[in-house]
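Have a look at these structures, which come just after this line.
Shared chain: chain A. Partners: chain B in the first complex, chain C in the second.
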Partner chain A sequence: MKLESRHWTFFGLAVVVVIAMLSGFQPEITVSPDTLRMHEYIESLPEGSKLIISFDHEASSLPEIRPLAVALLRHAFSKNLRLIGIALLSEGTGVGYGLMQQVAAEYSKEYGVDYVYLGFKPQYIAAILSMGQSIPATFPEDYVGQPVDQLPLMTGVETYDDLAGVISVADGSLTTHWIEYGGGQYGVRVSAFGTAAMVTTYDPYLNSDQMYAMVGGLRGAAEYEKLIEIGGSGARGMLAQTCSHLYVILLIVIGNVLYFVSRRKGRSS
Partner chain B sequence: MRRKVPQFVCALFGILLFALYFSSHPLARALSQLVLVEYWQIIFAFTLLVGVVSFLKVNLKSIERGEDRPYRIVSLMGLLSMPIVAFFWGIKGGTPFMWIFENIQVPMQSTVFALLAFFVVSASFRGFRARSVSASVLLVSALLTLLARSDVGGLLSEHLPVVADWVRNNPSMSARRAILIGIGLGSVTTSLRVIVGIERTWLGGKQQ
Partner chain C sequence: MDISTLVAGILTLAIFTFLYRDNPIYKMAESLLIGVSIGYFLVITWTNSLMDLLFNPLFRDGRLALVIPLVLGLMMFGRFHKRTSALSRIPIAVLIGSGAGVAIPAMLGARTLAQMSATVSPLVTEGGGLNISSIVILLGVLCTLSYFYFSREHRGVLGQSAKAGTWFLMVFFGTTFGYTVMSRMSTFIGRVEFLLSDFLRLAN
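So, the complex of A and B:
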């Protein structure tokens, strides 16, 4: 196989990422106002407040989503918030359940009392609208098949009015539906932990206060880990991300230098 | 008749759901709950069935013709094995279904997703050129954002993150808002066209 320029760029990126990950060096993280707002929001909630954590993501984005979700769950459990896990994308179902169990065990939280997992509901718009009218009717059973009315945490939870808010852990545009249908029609406070690629999508909603707060990407996870003072894979991955950003910048500069040199040569000849 | 009945059902439910969305009457809420929780889920189950049957037909035909045979056999094995495993052992944590999901599907999907980084690198090197004024503006914005989102942005200059945030909160957000408003207006227009029967392509077949 003849190696072309793109193959060398691929190889270069792989080398940069591997060296960065092996070095173990962790750069100093500056916390952005967006991440700080989310942290302050969770801090401001009284003990025992009930929050929906919606795992609205696919398996493909797990390397970016996992550090975000773990940081959120650690903070929420450490503040003794009571969490109701759901999933509006099927692939997030098992992942969400596993993450909640894992972090709940770290804080000795009891299933049914401190957290519940209601599982997956297909047709996200229908599910969000339906929960606005009755959460127990939308999820009559939890993920493990127990009737919802037998779970102590769900006592008194009928609609969004009985909750402090919804936090969507998402890799796509599903949070938009939470904002438009959950927030728009039922007035529930919507926040999100999302992938970096989706941050600008939600800027208009953040700016207009339709969405309360957002933490985005691996950088957001690293910032949140710094705020809660518990290290995680967000901070570990930041050096690799920074180095790959610098590598892309270097390639763009080289590409443009080559472009202008070839253009000048073309003119002179 | 084959076109008029679905068109009528579509118009009826379009108007009904539109009206229910804005009503807080208990009857409207109960009806809305029934449509959203029960009917919508049933329709979803049928669409899933249509998708699975279509996937099976396309792949079986291609296997018969010998097109990409190994890949299609693997696809069909995946499609058939997951429901079988789920049927016998369930889908909760610790079951073979979740083992396959966590150890095969998650790594495969993450790998494919990670390939995007390599394509972005290659595309940046080959395509991000200052060929015109507008391309140069895009290039400078991209470089600013990349620098600001990595940790070196603030080290190079304290103004760099501020400028990058300005780009994100002003030109970028304005463009995003324009797109969102366009999508909203487009959705409303298309929905109205479907409900009143002007738009009939969703029925398939020839326009009549």
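So, the complex of A and C:
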């Protein structure tokens, strides 16, 4: 087994993360204005308000998406909001259903009354536009094959006008389609819980008020968990996140120092 | 430990073996991921799309108008043979035409007009102070646009502005890359948490 420098880099990162996770220490978290705005938005909704939670992500981003989605669902269920789960990416379908069932069980919520899961629709732009005309026509049956008109929660839900808003739980740019088509053409209020990689993509929409609120990445999940006062994977992962970032910064500094030293040596020789 | 946790744990470790080098265990896990993803996508598409939106409404409920998308869809398969390949141009033309018709006004509104409107915001706050965020955004937009203005040589004021534009771009790329690193770290931390708590049961 021949070990190269990259192997030691990966090994070092693994050691840093494992030690940080095993220590169980959770650093103090300061809540950012964006996360606070999302929390205030959910808090401001009257009991019984209906929200679409759209699971617009792939299975591969589950480690980052899960803490975000669980924090959102816990807050929404604790506020007695009525949730309509959908998925516009096929891999998010099963994940979203599982997460909704898991958190609904924590709060003793009843399927069909407190939450429903309508499943996946392909061609996300067509699906978003179609829901603007008729949600029951777009999703005639729920994920498990039950006709939507037999679900009590869906009574009176025809278009976006009958909802308090849409929250996209996303790992890609699908939220921007919600903004462009759902928000732009039908005026539905769009918010997002997204992976950290998407924060800079969503920021311009947040700045222009096209998106109402956004929570981003594991840090955003940790901040949200602090606001709802329920610990979760976000808070547990914050020390590991901090340590891994310090490790990367250290490597960048060492790499640059070695580069300049070798360049100076090259010039003098 | 339930079987799903055991399988997930073993497959996570199998994927991590790539960090040493490409190997058959990693290949097996990767192929499994691709196969399962495609299979899952096919089943979901069949049940939630073809059955729900086409076959059931057409053959069970008798909505005859759905014959049109069915025929258009079948024409796409014309590509598999030289003599019938021209047939696929019709559904492709419908797709492109309707897609462009839907996308152009939406994009123009959301990505251009609304963003321009957000850029043109008051540079002075109600209290009389400078609105630093608005000033930075305005400068950033103007400098970056000047960098992409290629009809004149980048000299003098235009050169300075274009140079400042490259700095704004670098800051954006750096921020985006930083967030991407953070995102990948979060994914890794999530898997380590799963391995330590659910798979190895070393942490709560």
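Methods note: the second predicted complex is superposed on the first by the 268 of 269 C-alpha atoms of A that agree within 3 Å, B and C clash if a C-alpha of one lies under 4 Å from a C-alpha of the other, contacts with A are read in each partner's own complex, and residues count from 1 in each chain.
Just so we're on the same page, a residue touches a chain if its C-beta (ideal position, glycine included) is under 8 Å from a C-beta of that chain, and two chains touch if they have at least 3 such contacts.
This structure is a prediction, so every number in the text was calculated from the model and none was measured.
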Original post:
Put the two structures on top of each other at chain A: do chain B and chain C fit, or clash?
Top reply: clash
**OP:** Name the contact category of A:Pro122: first (chain B only), second (chain C only), both, or neither.
**Re:** both
Original post:
Now for A:Gly85: first (chain B), second (chain C), both, or neither, which partner does it touch?
Top reply: neither
Subject >> First (chain B), second (chain C), both or neither touched by A:Gln133 >> reply: first
**OP:** Answer with first, second, both or neither: which of chain B and chain C does A:Pro27 touch in the superposed model?
**Re:** first
Subject >> Contacts of A:Phe10 with chain B and chain C, given as first, second, both or neither >> reply: both
**OP:** Scan A:Val144 for contacts with chain B and chain C and give back first, second, both or neither.
**Re:** first
Original post:
Which partner does A:Gln210 contact after superposing on A: first (chain B), second (chain C), both, neither?
Top reply: second
Original post:
Just chain B (first), just chain C (second), both, or neither: which does A:Leu246 touch?
Top reply: first
Original post:
Of the two partner chains, chain B (first) and chain C (second), which one does A:Gly232 touch, if any: first, second, both, or neither?
Top reply: neither
Original post:
Both chain B and chain C contact which residues of chain A?
Top reply: 10, 13-14, 59-63, 91, 94, 122, 129, 185, 196, 200, 204, 207, 217, 219, 241, 244-245, 248
**OP:** Can you check the complex and tell me which residues of chain B touch chain A?
**Re:** 21, 29, 32-33, 36-37, 40-41, 44, 91-93, 98, 101-102, 105-106, 109-110, 112-114, 117-118, 120-122, 124-126, 128-131, 139, 142-143, 146-147, 149-152, 154, 161, 168-169, 172-173, 176-177, 180
**OP:** State the interface residues of chain A toward chain C in the complex, per the touch definition above.
**Re:** 1, 7, 10, 13-14, 17-18, 21-22, 24, 59-64, 66-67, 90-91, 93-94, 119-122, 125, 129, 139-141, 176, 179-181, 183-185, 195-200, 204-205, 207-210, 216-219, 233, 236-237, 240-241, 244-245, 248
Original post:
Any idea which chain C residues touch chain A in the complex?
Top reply: 19-20, 37, 40-41, 44-45, 48-49, 52, 56-57, 99, 102-103, 106-107, 109-111, 114-115, 117-118, 137, 172, 175-176, 179-194, 196, 202-204
Subject >> Of all residues in chain A, those that touch chain B in their complex >> reply: 5-6, 9-10, 12-14, 27-30, 58-63, 91, 94-95, 97-98, 101, 122-123, 126-127, 129-130, 133-134, 137-138, 143-144, 185, 196, 200-201, 203-204, 207, 217, 219, 238, 241-242, 244-249, 251-252, 254-256, 259
